[in-house]
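Two complexes follow with chain A in common, the first pairing it with chain B and the second with chain C.
After this line comes the complex of A and B, so read on.
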């Protein structure tokens, strides 16, 4: 402790080690500031900046520790809700039949409506269940047992009616939400067009004001609309002409369109690889009259609404994937323990054990992350957890695909046949990295949002460095030298005010080191690329991957600390899982952070670009065949 | 050998080598080996192999066996053979854009190949606007209609659509393109580089998922700047190219009207024809050639203005000038 103090004092004197100083001071200062804020500004909404502050190398431990809990009454409520849903899914849902016929039977839909699964997040005054995000995530764990049903429900409530829920007027809510919550009407979300997936500028669907000024006429077509064939109420995004500062511009607006307005035709349902029970089709609008009262938000404000809707539904993918993997573990381990080869059961072979360990770790991390995010979102104020939700989505979708593939592998040929549900799970899982924002696009979002935040804060410092301030350059060199000698960093997770349980000290240290290293790397990247980092997708991908790993480590540490402190069942096993996960994540982070440095052999960005350029120039594989001869 | 057309025929070379008597020139003792045994014959062998190398003919096993039988294992021809067998395979595929040995006979196919070679763009589409044929009119005259083959890629079409109608576009040519021994000529439709680069204003509501631009003040670091100044030179956009049998105004007009079908903007933009007279036969008198050899090209250019609204106009005043340059 004394040494640290002396070092801090010396560094202050020589204007070096700013980082080390800043870390501790800022952290302590923030704590003081927060306490002050709580006293003075009660109505000030909390700015959730956990993931964004990781970009600066700061760990806001108050946001994520302790792990969010639900009260006892709420837990009882959850259990009450969960039991009948589980029973329904295990007894009355025939997933194989849904997959075979590419349709969800009417009785199943009726059963779902009776259970209230169509209005989980709709407030009770409109007829829904009014559940919080955490409870919604808990129920998503069960509905994911059948992929088609899960997607139908998600398309209905997570995106279909979310627009009305978050941005609708009282009249619109009164008019539409009750029927939507009971399931009498089904909702759909119509944004994607043939020429426009992520690019809002290429949306062609137009909404023109009629002469009497009471209706908008919508013309255009949308593709890949889930529930498109059976939806009665759709949230359609179309271009409208708006006058902004005297200039006429085309901006997107959101409309609530009922099928009863007429002019809406649905194409035939798409024949998909997985989630075959979910109805996905093309929807065409031909002069559909939409009353002016049905505009969601204001005319021209559709873009923000679209972004909010898309960003808010993602976190439930973590818990639904976790639920599916837990079920898979049960089924697969049953098989692995009973099947015998060479007089040993499969479970005694190391490679199989590795697969199961991987599945257990994935499920553990996924559900920790999902419930942490849901808990953060449920805290009072209006926290912006879009970054964390995107991270949960990317992590869960990719891990789910790998785990299902491995589970099928354990069963070998049997898993490949239609007699077992594994191939259906595999096919259903393949859509996870694609919909709700493809993983590539979400990685860009994760990395760029953080970079924007870090850029704003570090701007002055980087400008100083670029001007050639010698003192700053010297301090940078000293800091880099120090970073190589210090092998541990203290961000307050362990020790006197530590929030992580001492059993997890090693893993917490790894997290702290990773976070600090990440902060430095982000600063270097900003210094090197500045604005043009938007074009460096390979580097941004690595940044996003590191951040996802950091968030996963945090979630896992937080949950395990709580488990140990409470004495939950099998908390010692959780310690084991946490430590293993953190080891792996730390190692991967190190590699990726090294890859982000400029002149290391691990950084193969230039090579990748060259190879891709050669392939695109010829639009084929360009090497000669290995059997070719020249003479 | 070129007279008989067998310069690329390996069998002929082997037969030629066969003419040498076997085992006569093979050195039999150390002294013979020291003193360049039968030097003229070895030179002859080496020259044969050199001609093979010049025409890119790879020798085969038969050649090697013959050479060994004729000259022995350590003579100059066999060394030359070994060097050829080392280097020729390495250089065989060294040209990333090879021209095939046998060019197609049909001028339309040659034009297609040539245009694709210049454009080097997999998206570019070659259109044949007119096929060559000979007509006989009522008066019994023979009129040959030349072929017109053009090429344009979708990105060029977009550029042309965005072109400012106040600025003219130029048809320039003919430029020579050599394909082995044949020279074809192509014409280019281009415009001057735009004075100010118009940057699209940043629309913050463009991308639904991630920000397309960061709101950060500083740009790229010097060490990571990858723009070279050489590439900053803008020659102006090239909108299309064509090759025709006869490079006169009428044919080029045909090309432009053919292009107009897919690029309606061409109807509104003034098109200037900056066409040289094209290649002509070398004149008989050599002094006239030496006298006019250095006249600058600008004198020979003919320009013509076109109507703004309609089809490209009519007559050109060409000054048939002396041309130097190989005839085709």
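After this line comes the complex of A and C, so read on.
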């Protein structure tokens, strides 16, 4: 019987490429395909970084092991830089006052500028500090102690002036960066409009070229602009008319706009739930003249620049959230260890212990992921880590919200009052899943980028098959047979050439199993939906969540392997954290992958859609009241 | 006059850290504990840098005695505005027994070698609270001393120092060269800004051994035991004055 099946499979390969995917999926010999992948793409350009290949069930261990290392000199530098910033924040920053008055005092802003915090990543030749992504992430752990300051700084340098930094001409850099680095000028990033938030490509602000071709006139309005009220230099995105292959098209361009150009009005500051000290307002542009030299990059290439800017700033949310949670752990554990109820201190109760364990695990995973990503980004060759950065952002923002909420819970009524900073941390935290790309949009990005990649690989394989590559087909069949008899999965993390420390063998195996299972599931989904996968948000959400867990597991395994090998202090504790985290993540992944394998109606997606449809039809909850009668 | 000022900076456990005694009572736990520059040394560096900014002196040299990590403290001084540093290497057992007499001998030797016009130190270190190094250094050099300085002004080749003493403030005028020790209200030290830290990387730190300066580090003191301060006991509330008196008699206080 087996032989017959194999022949059938072989003939099907030659029949039609389309069915290939189906065959692969129906017969669970996925390992074959992966081995094939490795042979075909060994010379595959490394620029795509780590996460995309997880969609194929591939683990590029060289990308993520060993954990990124900074040189001794850089480490000394980091320690030197951290000390005065910590000192400043603990002595000169009154977060309660900033929150109460919804303003950062001039004195404090001046101190921040003098410290050099406004030009961290601007190269030294333009007056900045020229820090690497890793060092920036390290400092973000401290600036996050005050949410308003963190956002003001990030809006200025992580996105506001980033455009000039990554896509500006030498002339633009010379002209604008020095004053921006010193903080004399503050920058803002102007993309979002009343009608275009997540759908950034739909912005309506226009830039029309003047008669003499020397200026663009910008008209439109932007909302939710951080630093909008005080920025002197703004990166503004507007639609411009371009001619592509003789056809007139409306494409987005990026401009450096100075408030001094005139025609710019800032609305009144928004009254926000949190990060109240950060200035957020509407900015309107009324025939603002912008010289053509101020276009960033190419005319019409603005959207790509916007995405690059946003992608490059995201990863630091991991370290800033971790910094905040570590502080919360210190504050809250002090309380839990001293407060007594029922003749025991709170720290002796299991439910409280669980909360602290969760906080420790969250901070551990967040910082591991953040620094892994920063380290990857600091590698020469400008690798594309947008996927990894997005995952760090989604994970950190959501876990931070939960951790702050639990920390507040530990303090009970006290945590609920303004006498303690917990309610402020909670309010400041709530923006994290919203800005810099809502977590919903980022999940779609994460899932679809990977699915698209996996789909392309599958399609090109089909092409190879169609060319009549018999050797390929035969080896696949053999491998399929083999994989049915061997039940173990080995992606190279442990064993002779293993990169994970032997004490973490169990967790490494779990990661490998999860990655393999994920690769199969991705194929199943591609087969089931094909191109319409784009509309299956509920499934894609699960895909993104699994991937995020995989990345988190990778980060903690890599970090702890390094800690053990170096003999860092408390590495035993790290082993404990890693194993616990991987255990949890593995089981959560299993659940989600099983849900994804199910066809409707078993997986509830159709039901969810029905419920939502009913609600939207009536724009309200539609059930009859439980006390209603018909008789 | 060389216009050169020597500033001594000491690496101590950070003031905000909760100190713990080692289980064997031989000392305090320093491993993995946050260290920083002694706060009074920061004030001393600030004063020296201010004098340089007023162009009253030409060069500020920061000195620290200790193991490899002392260089971090010197770097902080450089980031605050010192021009160069001297690291006197003392490690291991020698460092554990290093005291004011040794340091003052080292500083005196360096002051002579560098032809310093002024030596500014913090009035005391927050770990041992000795309050001796400045005074001993002046004595070894046979220079005048202005200790517990809360105000310093250079007037020609003399220095006017306002000193904080128990009775109030004392103003004295001393000749140069001299040794000053900084008290709390002398100034408010600046933050080492990040750009200055980066610039400080290029400044030089020279390495010197105590033997090169002719200083022997044998200690005449031996630490027998280190204990935590006694735990504060709970108080007792009493209802009347009569109760108070009887309780005091009971516990043998009166």
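To be clear about the criterion, the second predicted complex is superposed on the first by the 548 of 631 C-alpha atoms of A that agree within 3 Å, B and C clash if a C-alpha of one lies under 4 Å from a C-alpha of the other, contacts with A are read in each partner's own complex, and residues count from 1 in each chain.
Assume a contact is a pair of C-beta atoms (placed from the backbone, for glycine too) under 8 Å apart; a residue touches a chain by one contact, two chains touch by 3 or more.
Remember, it's a predicted structure, so these values are computed and weren't measured experimentally.
With chain A as the common reference, chain B sits beside chain C without any clash. Of note, the Cα-centre angle with chain A at its vertex and chain B and chain C at its ends comes out at 140 degrees, rounded to the nearest 10.
Once the two complexes are overlaid on the shared chain, A:613 sits clear of chain B and of chain C alike.
Of the two partner chains, neither chain B nor chain C is touched by A:623.
Judged by the touch definition given at the top, the superposed model places A:114 against chain C, while chain B stays out of reach.
Taking chain B and chain C in turn and counting the residues of chain A each one touches, the greater count comes from B.
Applying the stated contact rule after C-alpha superposition, one finds that A:260 touches neither chain B nor chain C. Within the superposed three-chain model, A:351 lies out of touch with both chain B and chain C [touch as defined at top]. Contacts of A:247 after superposition on the shared chain: neither chain B nor chain C is touched.
This overlay, made by fitting chain A, leaves chain B and chain C with a least C-alpha separation of 35 Å. Those residues of chain A that touch chain B in the shared complex are 191, 198-201, 251-252, 303, 306-307, 310, 437, 441-442, 444-445, 448-449, 451-452, 455-456, 459, 462-463, 466, 526-534, 598, 618-619, 624, 630-631.
Residues of chain A that touch chain C in their complex: 76-77, 79-81, 83-85, 87-88, 90, 111, 114-117, 120, 124, 129, 569. Residues of chain B touching chain A in their complex: 58, 60, 85, 88-89, 92-93, 122, 203, 205-221, 223-224. Across the complex, chain C meets chain A through its residues 16, 32, 36, 72, 75-76, 79, 191-198, 201.
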